[in-house]
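First up is the structure itself, then whatever we jot down about it.
Each chain gets a letter, A, B, C, D and E, in the order it is written, and its residues are counted from 1.
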């Protein structure tokens, strides 16, 4: 039992962080149709920014710095790299984000070296006893923080007119323009928000594994998450995150043998065969 | 009656006489139907189709005869396109059958075949919104119309020399005839994406024709054209029917075209078939006027 | 194909400085998955040759190290190797298990002495791999030493080996298990668990190990994942004694694991703890960098001494007046007297064994530093 | 394909030929001569680079058949390469087959495995399919690593040097001819494929899958076939790697490899055989060049040399970004534009 | 378009929907004018070659022309959509209410009161009918939506029934209504419609045209209409332009044009005697005579 609780909490923490990372991905995809393969690097940059601020001053400074860097990064990437590619084949856009990932990763390395850094623990440490299992407190905090962030984002998108504007842009950019929706503004907003959610996610990962390139590998798990939940679904990102997080820890805990890297994908394919657009993904309308 | 094929540079009569129509003779028979003219080609039998709660087609029955241009008209959302989709296997109706008669043995039920098999059986079509292979040339699009008639062997394809090349040449011959018939020889090597709307519609017709169809389904081939362009397109549809004898099912909203061109007209409304009959009969049907033509509409096609 | 043509140019014209520069190749991981320990190792080797160049090379003959990052990518390693061969390199300082194994055939054919970061025992048999030299105690021996120590310290222990999910990680697993029987160690159970790359935690694997009532964990991995594992153990409240093998017995491990590192054992032939005093070259380096001996990473020393050992062999060949070629170097290495580093047991190769060392001490983290717990011993 | 301005054909046969103009023939001849001279001029290092390009080109052509021509994104390339390499290596090592036969076996085996992992393509499209093929990548590598008895697990698999009529085939120079020959045949076969009905059907599926189905292209058959053909090419590349390198390790076939191959065909040009080759060359030469450049510059700026690998990586990423921002349709398109420009030179517009 | 202007319910004539101050029927001042506009796509394809036209406030103006003449391009030039298609106005100017809007961006132009109903409907397929309408009201504040929605649902009762349906699954006619309704949500002074009758059944075409008439009549919205169905377009319009190959070749009051023999032949499909030609009797393929 206590093993189960332990695994579940661990899985859910990872899931929550994955959901945050996936949220950024989904935002970008939803409104701009871009598949951002640099999401892992966004996490990494977020983690370093928060780290620098925290080490230099205080964790509040760290978070502010992180958010600032996120917005600048998001808007900058949109402006300089993706805008020229509007209307180009999607796969070229994918490749650009891969190139962007390589670039960002290397720049971080040039500045900070590739030595992993211990993340200052500003989230309370220690352990809590939960249903007979010893659970690290920072994981519980992580779940809480992620949940709050996700809730805020969800409300923002379902309640504000920006939500509809974003979806409209995703459907048909030109038609959205004729509604007076500024496609550029929507794009910039999507990228900035995605970067913000990545900063929060990156901070949480770093809190667990330290500030290092390992964060990027963690970021790779975003893909099964978003596919499982549906590429364009915010709730999908959350559920997908939880499922993938749990799947990985349960496989590790009950099966082992390195199957953690395989099982999520196999399960994923199984689910996709039943629901080709993920659990909550929008079904593409194909009429002739 | 083997008349000489049109040679390059030959001038067509432009005075509106029918002369040029018979001046063209073709080696290949574009009509894939083995039936006698007038025999029942397609039999739609009590077809019912719904999407969730939306009923698209409700107990529709009708017959299309070989050699006819059979128009299907009806308000938007009446289920016309859905009916074509059922015929070409894209939609699977919940009830009913669509039988394709082929002259050799039992008819085939089209509602249970996959689209690619329907194509093999001789159902060819064009689409309401042009669905061409945009990055390919006109020629390649038309050759794709020959897909069902070609043998596709991997080894031969990889090797090219030998059977693969022979086959390409063989089928190119028929394709060239279609190109000639539709008067698009200058466009042969152009990517279709770059063509004007009207020409794309024509290429789409050509692609379907290359399949040597038993029945040709055309979904609004003249939408978005002005009177002059419609006249051109109508002429091609007529030529295909008159020269090659291809059975044609035509969805069209322009009553002028429908009344002038078709032999039979079926009217759908809210998924039901209101009436099937000759154009004149249909035009004066009260229900049709009410549901579709509009009471205030001037009698179209009059004055012919 | 291309023969190694460096030999032909060996002693063409003896103008002034003592002949052609001697080229060595370096295949290092700086940015790949093992970059955390690969970087100090590479720095050590590079610093050594920089220092050597400053002090005038070997008898006035320049020795250069041509080295590049290969990101732990086998294909890139092969590319670098081919390049060094083309440049007329006479020996190679390599890195990972996978690439060392991938290159072994070529190395043998090209007759280039090869020092690798990998201490996989499979590479230690001169009959099979005559040009590979293991400058250190093999992973298998490290494992044996760790197990022997555990068995002696707490009989009836349940041992779990957590290892990198790669040839490097798996290298000592089977040998360790076999050794328990051979040596009749009092170890109740021995299980192995792969640590998947990119994992944020090893809670799953630890849960499995719990099923085995684990009392001791041996880690065959690099510093960062090892530190991660140790933190997980702490936060789970698991009471186990952890032992690191050589790639995580270093300063980075302590820094990353923080308090959780306290009391962890380490088995490695390379350690700073008993470096009585830095030798000239190292102190020069430290001075230029403004650092103290304490700042040095164990892997830096490892890189440094690999380079020094190779250079010693080259000097031997140069002194004897022979051409510096692969076979000559091989002979020199095998003929060297025991080579003392000051921070490891002595290194000794012979024609029948390319295991440089057979002993290693057991260290322990105490007060945030690695200290020696048990004198070096042979398993 | 070039718009054949001013070129007329009187027979279908002539019209179907791959090359029409004299300059096209001349270009081909120049390339052929260059390929023959190359190995005699290249240093050993550059020869291995060229060999790598040759192998990568075959793999990239294969991937392009699937991604560029048929429109099915695949991230399983690394896995398929592994299948090819292991199959061929094991057939020679364990069964003692002569290596050309083993390579044929590897091609067939990889095609089979590819077809199997292509089955989800029936239901899945776009990125959803891409992630499903990621499963192929992970599953194949997992099997390779855990099926110890056959593959030797995580340890490297040593492949005996290829022998043919008592002659041992080894060395970069010898392999240059084999690899280049295979690459040429692969390029030709792929080109042929896309001037026949089968290849056109693939492209039709990419452009408009519903319309393709309605004109009689069976999606099941063709998608799976595309996976099989593509994997066959990839299997050949894998097999060549095994026999050329004489060692097979699973670490050579990671996800990064899959992504690298995707990068090749995107940078080279999707749906272009020549583009696959340009892309393979570009993606292999670029890091090699950056590395050489970095080394020569590194001496002058010691501060740089410390960060050299990261700087090189950053440059690599930056080049990809700039390249795609400048020309998202790849090298093939740039080349095409250059040709058009020259052809039309005095009369632009 | 002052947001505070009082509004009355639908059906009330002279509702100050577009402009509160001027009775549009009195105004002769053109609300929109194009002067010698030249449009180039991809920096090489010259599509509009010096096109000039003007639209008087409160009128319905029709723009006719064959496929590829550049009608849609003209509308896109007005609404600022060209940059999204690699096109640009390379010469000439477009003025709206006396201000130059040639290079203004699309979103601003909508705010200024020009709404476009694009060719081919272009509804947001994955949004519901209701959300499509809300997207149309993006430039206005939330509070104003309720009245607008009511008005549009009264104009198009069919849309009210399908309020929560995904727009992609609507039939063609319903999508067209939605597209018009969506454009109305922005309270345009000038609405441009690109082939609103495309693919619609005769009855619906009549309906849409009568609604266009009502919009103009009741709300005073100025309308620029591109249409292939020349008969209907000339019926409803006050003024009409005919364009060929990127130029205006003919213009005048709609009734006058309808009587022009060339227009009759090419756009109305009438024979020289003024009777409708049967499609069966048309035998010649290439008989284009063009105005130049």
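In this text, contacts are C-beta pairs under 8 Å (C-beta built on N, C-alpha and C of every residue); 3 or more make two chains touch, one makes a residue touch a chain.
Here the structure is a predicted model, which means the values were calculated and not measured.
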Quiz item: What is the minimum number of touch steps required to go from chain D to chain E?
Solution: 2
Quiz item: For the chain pairs A-B and A-D, which is connected through the larger number of C-beta pairs in contact?
Solution: A-D
Quiz item: How many angstrom lie between the CA centroids of chain B and chain C, rounded to a whole number?
Solution: 75
Quiz item: What is the distance in Å between the mean C-alpha positions of chain B and chain E?
Solution: 32
Exercise. Measure off the straight-line distance from the CA centroid of chain C to the CA centroid of chain D, and report it in whole Å.
Key: 36
Quiz item: Touching two or more other chains, which residues of chain A qualify?
Solution: 106, 109, 114, 220, 257-258, 261, 288
Quiz item: Listing for chain D: what residues touch at least two other chains?
Solution: 210-211, 214, 310, 312-313
Quiz item: So which stretches of chain B touch two or more other chains?
Solution: 90, 127-129, 131
Quiz item: Considering every pair of chains, which are in touch?
Solution: A-B, A-C, A-D, A-E, B-D, B-E, C-D
Practice problem: Going by the contact rule at the top, pick out the chain C residues touching chain D in the complex. | Solution: 1-2, 30-31, 66, 68-69, 71-76, 78-79, 82-83, 85-87, 98, 101-106, 122, 165-167, 170
Quiz prompt | List of chain D residues in touch with chain B within their complex | solution = 3-4, 12-13, 16, 189, 192-193, 195-201, 203-204, 207-208, 210-219, 225, 229, 271
Quiz item: What does chain C use to touch chain A in their complex?
Solution: 30-31, 35-36, 39, 165, 193-194, 196-205, 207-208, 210, 223-224, 227-228, 235-237, 252, 255-256, 258
Self-check item: For the chain A and chain C complex, residues of the former touching the latter
Solution: 3, 6-7, 10, 14, 17, 106, 109, 113-116, 118, 127, 134, 136, 205, 208-210, 212-214, 217-218, 220-221, 248-254, 256-258, 260-261
Practice problem: Sort out for me which residues of chain E touch chain B in the complex. | Solution: 64-68, 120, 169-174, 195, 198-206, 228, 230, 265-269, 275-288
